[in-house]
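Labels run A, B, C and D following the written order; every chain starts at residue 1.
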Amino acid sequence: MLLVLLAVALLLASACAALLTQKSYRWSTGCAVGGAVAASLLGMFPSVRILLGAPVESLRLPWSVPYGAFFVAVDALSAFFLVPIFVLSALAAVYGAEYLQTYRDRRALGPAWFFFNLLVASMVLVVIARNAVLFLVAWEVMALASFFLVTFEDEKESVRDAGWVYLVATHLGTAFLLALFILLGSTAGSPDFDQFSVAPSQAGLLFVLALVGFGAKAGFMPLHVWLPEAHPAAPSHVSALMSGVMIKTGIYGLVRTFTFLAQSAAPPPAWWGWLLCAVGLTSGIFGVLFALAQHDLKRLLAYHSVENIGIIALGLGVGLLGLSTGMPTLAALGFAGGLLHVLNHALFKGLLFLGAGAVAHAAGTREIDHLGGLLKRMPWTGLTFLIGAVAISGLPPLNGFVSELLIYLGAFHGLTAAASATAVSVLCVIGGLALIGGLAAACFTKAFGIVFLGEPRSDHAAQAHEPGLAMRLPMLLLAAGCVLIGLLAPLAVHALAPVLANVTGLSPQVVRTHVAPAGRIFPFVTAGGIGLLGVVAALAGVRSWLLSGRPVATNVTWDCGYTQPTPRMQYTASSFAQPLTDLFGILLQTRRRLVPPTGLFPRGASLATDTADVCAERLYAPVFLGIGRGLAALRWLQHGRVHLYVLYIALTLVVLLIWKLG
Amino acid sequence: MDLWTDSILVFLALTSLLLLGSSRLFHCIRIVAFQGILLGLLTLVAHRGALSLRPLALATAIIGLKGVAFPWLLARVLRDAEVQREVEPLVSYTVSMLIGTLMLALSLWLSQRLPLPTTPIASLLVPVALFTILAGLFVIISRRKALNQVLGYLVLENGIYTFGVGLVQGTPMVVELGVLLDVFVAVFVMGIALFHINREFDHVDADRLVVLRDWTP
Amino acid sequence: MEAGLTFVLPLLLAPLLLGVINRTKAFVAGRTGQPLLQPYHDLLKLLRKGVVYSRTATWVFRAGPIVGLAAVLIATALVPLGGAPAAVGFPGDLILVAYLLGLMRFFTVLAALDTGSSFEGMGASREVTFSALAEPTLLLGLAAVARQTGSLSLSTMYAGINLATWTHVGPALALLAGALLIVFLTENARIPIDDPTTHLELTMIHEVMVLDHSGPDLAFILYGSALKLWLLGALLVGIIVPVRTGIIWIDMVSTLAGLFVLAVVTGLIESSMARWRLIRLPQLLAGAGALAALALALILR
Amino acid sequence: MIAALLLLPVLAAVITFLLRPDAPRRVLLVATAFGHTAITAGTWVVQPASVLGGWLQLDGLGRLFLSITSALFLAAAVYSAGYLQRERRGAREDFEEGLLFANAPEPTFTSCLLLFLAAMTLVTVSHRFGLLWVAVEATTLASAPLIYFHRQHRSLEATWKYLMICSVGIALALLGNFFLAVAASDAGGAPVPLVLEQLINAAPHLHIAWLKAAFLLFLVGYGTKMGLAPLHTWLPDAHSEAPSVVSALLSGALLNCAFLGILRVQQVCVAAGEGPFGQELLVDFGLLSMALAAVFIVGQADYKRMLAYSSVEHMGILTLGVGIGGTATFGAMLHAVNHSLTKAMLFLVAGNILAVYQSKSTSEVRGVLRVLPVSGMLWVAGLFAITGSPPFAPFLSELTILKAALDQGRNLVAIAYLVFLALIFVGMMSIVLRMAQGVTERQPGTPEPALAIIPPAALGVLVLLLGLYIPAALQRVIEEAARALG
């Protein structure tokens, strides 16, 4: 506990130090990165210890603000979210130290580092806060800090707009949270989490409030609109942090709210689970579809965050279904899958954003169609990005597969054991997961294949170079993490037990018995994974033995008889995704500007597509426009004529007199 | 005594009505001045003739200010402003008179319905006061010249004061003088403002002061 | 023992299925056709050859065939042969199988993209498209079986299907078989989805992806796809041929027979109908999905 | 003590008016401000004796509003010392229309500023309703010349509207006084003098109908001065045309004083058991003001007007809080403090921006964060504060009010409140961020004079600290004030 608080203090101190020493690039960066890394190391110990079953630690100090109390605690659930926060923050900070160097002569980096460490500190506080006011303050500080990080390059119009969209989205979400927490605290009269109690009549309302309020941060469809704007706009190490852990605080809040609601509304009504599953499916499928249609690498990754949040929501939804139908196994497996995916997504999405940053850093563009052949020039970045891609596609033997398998298991268990009503919904989950998996694989073959393989499609790509150690090391560590969790699945599931006990309100022992099937299965999965690697190694050996002493020629790619093959003849990201985007064109509403080749000897021809977010364009833009119009129509009230102003006064008086006394 | 009071009150009402109908600014000023004097007299008679120092002092102060000082000030401003001396109402005189009579009726009706805990010095008092107040507001709203609005404000003030004098006994001297002082300063400042307006714009049309607004037709 | 067999048999017999298919097509076309064992000869020949690599290609290109084969080998160990249990079986292995095939596809596609050739790029693009559509059907189909047999392990699931099941939910199983047949054809690049014989027309999906592979790499790929053919075939036949006598040999032999019949049927289909236009393939796959869903509905009811 | 509070500024005003040289005048101004603040601080420790037989005394409400006023005036005085230094003498070009204009003579400005302070002080300490009225009217008259500091036609127009509208409104408040007197005229035989305490004691005998009527008149009268919609019409003009330091005082101190007028009569109503009658009205006016502020803030083209409308919004929040009652009253009192500090800071910063950019147009000002690093930072921070984002103080008070509303089950009020807050947040942010961020051709890092930075910075720090920790003493004062309203 104290160590965690110490970490927070350290983060804040280093943040201020970075701000004060911003005259010197070296010092401010040193302070910030040192602080972040040290704080992470400090914080890891208690988090891991509690994950491994140490008792819950809490601390309550008086705090002289209305309804406020400095009430913090670290239980298994908090610890489970603390781990990725600390890991990713430290790595992102190290990465950023090199990444931001290119800006050093253009601007003072003090503020950037200040807000970075502030963001980390506020995330930690959000996760350990046990008092509504404290939580909300931390929550908003987190939002503001991340907003300033997003608008780091505010000289760009697009960045400013992105920041604005993000700010509005998160603030409107917070409005719902205000209502949520006040209602939670009103019956008990105390805003401390442990005092919360819910009137069963209100439970449904509270659930919806939480879903909207936290969903806006987590990025559920259709509240996701800020994600694809903000993540590309932010510096890559910030995108990694935001996408990897910050949006997960939304999931944390949602799960934490379940624990409050569970006390009163046990078992939760079935429609909660249905709703969450529906949200998950929408986010997952739409997210991956929109990702397919993007050709900005970071925008693509951002949409994948929406997709993965969808998968997490599916897991939680299955868990809720389990609770509502009284099937603990279903609940345990669903929540386990969802929560484990939180951790996994933090690892591989962080990794992928860092990789994307390295690419943009090296090639000077995020436009996939201008890249290519980077694997030769950036072998390490390429390898780690490939690992991340395999992991996020949920393929064995990496970690993405483990969490998705847990959700599948839950769903299949529900299918075989539950009544047909529940069975139908879990079937949707199964089919949805399968579709998402396939599409994700398609999307990441595109991302990796077009960016790293083939021939460079532009000079930028041709001149790309591997980044320095400070940027490479974090990627390597994250990649290692993906592999480890993939292979050590049984341990991961075991470690989840106390967390699940927290969420489902069952005792750890009971939970263990219910995740037992998964526990029995995962050794096989691990064995399969290791076996796979073994076979790969063996086959590689066989191959090299076969090829020993045989001619191994190299030549140009066989080009069907063309005499002048050029890199521009390669398939591009757009053409690669075109069959799928056409197939789902009705949903994507892709705009294409085509200048077809004309004449016998056509000169220029071009095709440009862009896929704007349907929700943003068809849903929010009109609403905001309408509100603006409506308000503008009322402006005549302030027409400037003093006579009529006095008339207002007289009328108000008369109306009041008649209304109140007449 | 009541004869006095009533007649004064009637005169008050008439002056207000007259103001609504008069077309020349100097005329308006004179009317308001006369109203001020009436008000002074009212304070005298309001005290049931008990000729103590207090009402005398008050009366003189009121007459001095409202009957002499203000009119002189405003007249001076008007003289400086070489604009035509028409009132130029937004609402024509006849309509104003009509509305005036309506307001009179309204205030009579209201005064019937107002349950008075204390008996006023005269039955006419409340309706006349209300009517004067309404008339003042109406002048402010319906006249174009800024100076007219000052006059309207004065009339409004007079109406309120009438109400106070007739109905409220034992308002401390300090407060009364403070009120008077405030009104004096208010009108003085307004006068200065008028003076500046006239210098800045070469007109004193309040309804042409519409630069500051959030709406462009 | 049987478990071992269910693992070894495909390793030995998978290429033979290809032979049977080709022979059937030849027979229908009235040709003598290649000998049944031709695929084995091809594999051996390729294994003995050297290789040519593109200058564009990286280690990913070399890794593709290996990872693909490795993945499908592991999968083979998990798939039962009708009543005969798989070498390894555990609840949820069906998901592992599906995703191992996904891994295989992932790396094949990457290897194709690694050459930077527009043909391979196109093939890769189509491959991911259609397999993305086929995957839900496969899983929903297996889900139906799981629901029916109340088990999550392929071995027990398929052991649970017998004549009684057919008498109960015959229609459902029939629909299921239809769905799985379409998946089988899609995943193995057979007509009417794909045409394995020609290499150069731009209509190709799978074959065009492996255009630049040669020597042992190509051998691995061919062998891998043969195993894949076997696996999906086994999953299909396991449903169609509900012989569960309890005597493992009979079950196994009958399923084997079923597999070869399936090969013949495939051959007949390939020679009897033409390849569909790409535009229409999604409809076909959606249809398959619909069949699976319908089957589920019947089973859930 | 109270006498000192009142006399100090008056004397200073007289002296400054006669003092010819500039430097000592400015020094005297600042010194007076310090003295006033010091005495005010003293009233926190020792309860000052009442003057004029209880006409002037300092209760909880008075102390709170006096402290706000005094603190704000201190900041304003320091700022204006620098401001007057920077203001060029003689005729200069008006940046909007290029007309020539000059400033009012500095002695007038300074002495009016001090008289303004005296008048506001009188408002906070007077318990005699008539005196209160005199004081409020006096604030109007003292501040009118301040608004007309820049002798050019727009500020003149603003001054005229300010004078006209406020005078009419306050005249109605005078009528309210008389109504109140009527209501108290036969409480148990003898008429009760219009002194707050005695009225409260005699409350049960008051004539209810007249009391209600009086309340309505006070509400409309002082509400005009306070800027409640739809009586707010003078407010944006005056705030946008006055020198920023004056706008800061108007918005941060004057509006509160007017609010105090309403609170006084509300106290009587509560004592007479008519609390709900007033509270209902306050809730309605509060929501109406917030709505109207939202209308004019969204897409506002002049950032000083935007701040002015934001004041309308926050006056709405104050009345809403008092109207909801219970813990919300505490929230409202706390919000009065927070809003005053934040808004004053914002107006001062707006003054800095105006001085450099020579434009009040939200579309012409760009890249403040680059051109004026400190002011830009304060500008953005202040805007986040005023829109109720943690960790700044207004968040706490707004949260308290919301909580009270929800706890009382007034969900519609709470929803409307949240909706308006959200609307205003979006409107303000889209304006402010466009101003603060981005690039401009002005050279970055324009030097910012210390006297222009220290006061707003100090206020900003205060706002932040109050958002993180509310000292026990302040807590006590606020609670005392809230208790006065039952």
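Please note the rule applied: a contact is a pair of C-beta atoms (placed from the backbone, for glycine too) under 8 Å apart; a residue touches a chain by one contact, two chains touch by 3 or more.
Model, not experiment: these values are computed from the prediction.
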Touching subunit A and also subunit C, the following chains: none
Shortest walk length in steps over touching chains, subunit A through to subunit D: 1
Longest centre-to-centre distance from subunit B, chain (CA-based): C
Top-ranked pair of chains - ranking by C-beta pairs in contact: A-C
Whole-Å separation of chain centres (CA-atom averages), subunit A against subunit B: 70
Inter-chain centre distance, subunit B versus subunit C - centres from mean C-alpha coordinates, in Å: 101
Where subunit B and subunit D are represented by their mean Cα positions, the distance between them in whole Å: 31
Distance between chain centroids, defined by C-alpha means - subunit C, subunit D (Å): 78
Subunit A: positions in contact with at least two other chains: 635, 637-638, 642, 646
Overlap residues in subunit B, where contacts from two or more other chains coincide: 137, 140, 149, 206, 209, 211-212, 214
Residues of subunit D whose C-beta touches two or more other chains: 160-161, 164, 168, 172, 209, 236, 296
In contact (per the touch rule at the top): chain pairs: A-B, A-C, A-D, B-D
Contact footprint of subunit A on subunit C as seen in their complex: 47-58, 60, 62-63, 66-67, 69-71, 73-74, 78, 88, 90-93, 95-96, 98-100, 102-103, 105-106, 109-110, 113-122, 124-126, 128-129, 131-136, 138-140, 143, 146-147, 150-152, 200, 211-212, 215-217, 220, 278, 282, 289, 293, 296, 300-301
Residue numbers on subunit B that touch subunit D, as the complex places them: 115-118, 133, 137, 140, 146, 149, 153, 156-157, 160, 163-164, 167-172, 174-176, 178-179, 181-182, 185-186, 189-190, 193, 196-197, 200-201, 206, 209, 211-212, 214
Of subunit A, residues touching subunit D in the complex: 63-68, 133, 136-137, 139-141, 144, 151, 154-155, 157, 160, 163-164, 167-168, 171-172, 175, 178-179, 182-183, 185-186, 627-628, 631-632, 634-635, 637-638, 642, 645-646, 648-649, 652-653, 656-657, 660-661
Touching residues (chain side subunit A, partner subunit C) in the complex: 372-373, 375-376, 386, 390, 393-396, 401, 405, 408-409, 412-413, 415-416, 420, 423-424, 427, 430-431, 433-435, 437-439, 441-442, 444-446, 448-450, 453-455, 517, 520-521, 524-525, 528, 531-532, 535-536, 539-540, 542-543, 546-547, 550-560, 567, 569-571, 575-580, 583
Contacting residues of subunit B [partner subunit A, same complex]: 90, 137, 140-143, 149, 206-207, 209-215, 217
